[in-house]
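Both of the next two complexes hold subunit A, though its partner changes from subunit B to subunit C.
And now, the complex of A and B:
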């Protein structure tokens, strides 16, 4: 069994970074190069982080392909966010973007190049010149391996800078002293099953998203929202968790994306009656209507009982009429994906698809320095000393209600570096290491002890399955007040069941059952935050649409949601419409 | 394979790309119990690849270089059938 004794070992660091994807590695590099003693904890080897899945590139207004500037990038990002993004953070991100891209180039990132040696930039949806006038080429890529190349460059550089990696370690809980200051984390070493305290002067979470709360997600299995769960248990609220970006055509049950090119080439969607239903929802554009329109139509068909499949929870993407030759030639890879993940050959049979969760816009609330901020004594953004968050797990908030393509990598580079710089400043101003509170490891040890001693409990895998199904059915892209209210009730029941999960395997070394049960503790907090926040927000903004309030409602809802685990309660704080130096971009109707 | 070895392998199958996660999960369900040491070593060799290269191999877009022992091609064939 795990070490639940009183003599938990302690190691001391200047900073501990949890997560070794793009944000964690960028922050750690800043710290180690400043000569600080920095530990990075990761569940998997750093170059296997989910950042590897990013293909779209990094958005930065380098202007290598023609005129571009940060004001235009800022406008696109604010508009993309459906005005929920904080404009100070957005200005900071787009102004810093060129600098962090050039730095990355100097770290050895093999960007695609122009003939004159400058970084080549691709066009990407939502990015424009002159405030929405026409498309601009702003995305910096390394072939179709941008994420991988970035991880590789940053990891090598960290090794050189003597960052201490703790690979196959899972952080369990945040340590706060009675004043609320953060003093590190507890973590489990998978190899031994031992728990250790990482006592640190500063703690950064860069744990990525939690797409695994849904049945259908493009996220890898490791994306279990560990940082969000730890923050929520430690009394930190989670911001804007109702905002998740969906892609309309993910393979049902698997989540793997089917490119929009399939519909571009003439593929179309059918309900269980074989009806081409998009003709009813979008008579002109039909299956080529925008992502949110198609996703909304699909969700309506499923909700009204016309969904296909055994459980009636998907629709069908038909492309057999295109013929094998067109499919093989114009849509490479699609046949392999359909055969492998849907068990159908699209040359003969349609592919079952559903709107699929792709990116988490919300997260741990931070300012644009990467410092975690919470409401305290009348200040909506009071800094939590010693605590930082960056990347998908943080909410600065630059993506607001909908993220623009390529801004995820921009986000993790800019805020990874900025939080590193903030930590360096904080450590200069606050020398010495405060003592650990007496109860430092208690929360983690009692969670582990509970798992060890639980009998007659439920299988964690079963409870996790129910959680995912509930999120998928009750809190998808198109939201209905009745199903949301029922979803809140259900997810609270499932949350109770999570406290009684049981693992059969109690072995110590590499016990993956224990790890997955601990991951579920994190997932359920994210699921509950999402459902409760979504139920309360009676408007449609950005990524989702609500059936009883189809419009954005700036009078009542131009504000950020804050969900607290304690009491399962909500609070709100204003959106910052005031940039650092630029003029405010006032809310208006979002059309493309 | 004992429990620890299996658990270690299972964790090694946690990847950065969902496509790889899904294929490897199915592979473990079907074949983990019958893997001998030689084939386990071959699988671990494939798992050392970065996620993009691994997915290119699993989906049949690329081939493993010729000249390795037959077990690696046998494992690859089983993975591709998952």
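And now, the complex of A and C:
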């Protein structure tokens, strides 16, 4: 292993973007087009980032299919968030959404079209007309491959803008100077095993989600929460990590996602008796209620013995009544996935599905400019100079306790672009590159040296398996006080074991064992933040449902959680109920 | 289940060799990638790329029993044992099942894979009829896995000169887009004895594409466009 010494090479940039998914690429485009010297790092070739898997669409009130406006989109998002979302950020997102979607079309995105040539929009869960009255068509899509089409279009636009990519480089740690200012990252080149310092005036994390803390997930292998781990190790708190979205329709057994767009196009869920049970749980929006509501309804059906399948452990997603033509036109990818992973052809038979971990609502705390904010000297939202986060790894917070479908792709575009603009502004106002602290590479080098010399340790794969199992058992759709408390104990023990993992492979060249062990360092921080935050929140809100506190408790819990790695400590900060210009949407009972 | 896997680590091996593995599978292990994850639990030195595990990211293309495909969408039940796994043919091997894709991406980049439209952007979307949009089906879905180009004899012999099926498919994706204005330059860019015309319609590419795309047809359409503009 080269370079575990003091001769780590350094390269200087105006900005470094970690992550080349939707958020990272949108930000990078902004920076490249402004002529800045910017490095974009990614663990995988950009178009392999997990944005590629997004299916159903991107939300924007274009109103192509009928009346719609951002006020309705805002109401739905606030209600979807169970009032934990910050209303300034939400207003900013829904108002900017149409503009960034149109831009994407101009970049070449192959959206589906209406007869009049405008972008086709489909209905989606929790999106409504006139403040909850009935479903609205707001999801702009390219069949059921929206993420793929979007990621490729953004990558292509970056090729045009000559963005400089560092492909298959894994960022290891964040560099902060004694004042707390962020000055770049250390990173490992996978092909050679070399470590380098990316010294930059501004650093953006767009590292995506961490769904791999669970056993059963719709997330890719690379979704290991690296940005969150790096931030946590550098003393930045993680916000609202107890809120994990379980998507109602993961393929039973495989975990692969079946988009909500299936229900948007007219599909629905059945229990073993063939009953369309969502009519009982959400009389108004039925199968298009918010995801937390649908997932809980499904879990209840299964728990009460009405689950389908041999073991009674799933429910059925019926769509054959849509007909082969609609399915092949609007949902071709779903047909492919169902045939491959569920062994059914949905043109004839229903797909067995279960609620599956899908999306992390929490993340690195930011404001709606994409600037990372932490409590400091009595200010709950003090900006960390030089540090930005966008996309699934950031928490603005627009999704609060439960994200609406299609709002993540919107989030990537809106906050990817906004953080790019914020960086441009910051660089103008702060010329000159501050010196690197002497210990800039130390944390990473000692992590690598530890892995290198570890003997008689446990296999990283075993420890990772135990972590995932613990999260799955102790922090699922329904949460119980005893299992949570026990979960905290277990995850702390596993966290200890992570410091003694061993890899047998010591090669310099494309050592994926080393990469997975380094990823585990990040996963475990996310897992611990999730469990500790969930254990402390004694209410039920959005995706967080506790058996001992069934109701939302706005008196005590209308606040954001902040988890600090050091001391496994929690803090809280207020939710911003004040939008930028609109009227505040006051908390009320949430029914669909 | 039995596997024979190509192994090579330039850090310690003089030359590549095949290594045998025997794995106990769980009932949930349906795809080849599931088995490779099990093998890696036994032997953490086996290196491969993988990410989405559902056939959309294009990471885990490899040569499976002599044919290129994605490990994550290849059913174990359909494979003859011992399952022989090799890196994609024709590209330099970095390690084990990981190849150097530089040449492949260079060709992709060479066709200017982005929409060119120099009109000032309108306030709303550029309009496109559903029929015109349909022309992009079978093209935009490409995941850049390289299964096609690395099974194409013309690409093996001239990876630096022949664009290859994936790159040409993308060239046609932009030629077919009613919003794109660079058709003439795109065709000029391919007017060359090698870049386009090395394709002899052998169809290997169509045979292996895990997304069911048809690069040969796209190539044929480009050739037709060339002929049309010559007259």
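In this text, the second predicted complex is superposed on the first by the 485 of 592 C-alpha atoms of A that agree within 3 Å, B and C clash if a C-alpha of one lies under 4 Å from a C-alpha of the other, contacts with A are read in each partner's own complex, and residues count from 1 in each chain.
Basically, a contact is a pair of C-beta atoms (placed from the backbone, for glycine too) under 8 Å apart; a residue touches a chain by one contact, two chains touch by 3 or more.
Computed from a predicted structure; not experimentally measured.
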Subunit B and subunit C placed together on subunit A: clash or fit? clash
_In the overlaid three-chain picture, which partner chain does A:381 touch, first (subunit B) or second (subunit C), both, or neither?_
neither
Between subunit B and subunit C, more residues of subunit A are touched by C
Touched partner set for A:507, first subunit B, second subunit C, both or neither: both
Could you tell me if A:221 is touching subunit B, subunit C, both of them or neither one (first, second, both, neither)?
both
Ask   = In the superposed arrangement, does A:459 touch subunit B (first), subunit C (second), both or neither?
value = second
- request: Give one of first, second, both or neither to describe whether A:164 is in contact with subunit B, with subunit C, with both, or with none.
  value: neither
Could you look at A:110 and tell me whether it touches subunit B, subunit C, both or neither (first, second, both, neither)?
second
Does subunit B (first) or subunit C (second) touch A:181, or do both, or does neither?
-> neither
### Message
Contacts for A:340 in the overlay, against subunit B (first) and subunit C (second): which applies, first, second, both or neither?
### Response
both
Candidates 116-124, 170-178 or 206-214 checked on subunit C; the stretch that hits subunit B is 206-214
Subunit A contact set shared between subunit B and subunit C covers 44, 47-50, 52-53, 145, 148, 152, 220-222, 254, 256, 333, 336-337, 340-341, 505, 507, 509-512
Counting only contacts in the complex, subunit A reaches subunit B at residues 43-44, 47-53, 144-145, 147-148, 152, 168, 190, 217-222, 254-256, 333, 336-337, 340-341, 505, 507, 509-512, 515
In their shared complex, subunit A is touched by residues of subunit B numbered 3-4, 7-8, 10-11, 14-19, 21-23, 25, 50-52, 59-61, 82
Touching subunit A in the complex, subunit C uses residues 9-12, 28, 30, 40-41, 43-45, 47-59, 73, 75, 94-96, 98, 101, 105, 109, 112-115, 117, 121, 123-130, 132-133, 136, 140-141, 143-144, 174, 177, 179-180
The answer for subunit A against subunit C in the complex is residues 44-45, 47-50, 52-53, 102-103, 105-108, 110-119, 142, 145, 148-149, 152-153, 156-157, 159-160, 191, 220-222, 253-254, 256-257, 333, 336-337, 340-341, 459-461, 503-505, 507-513
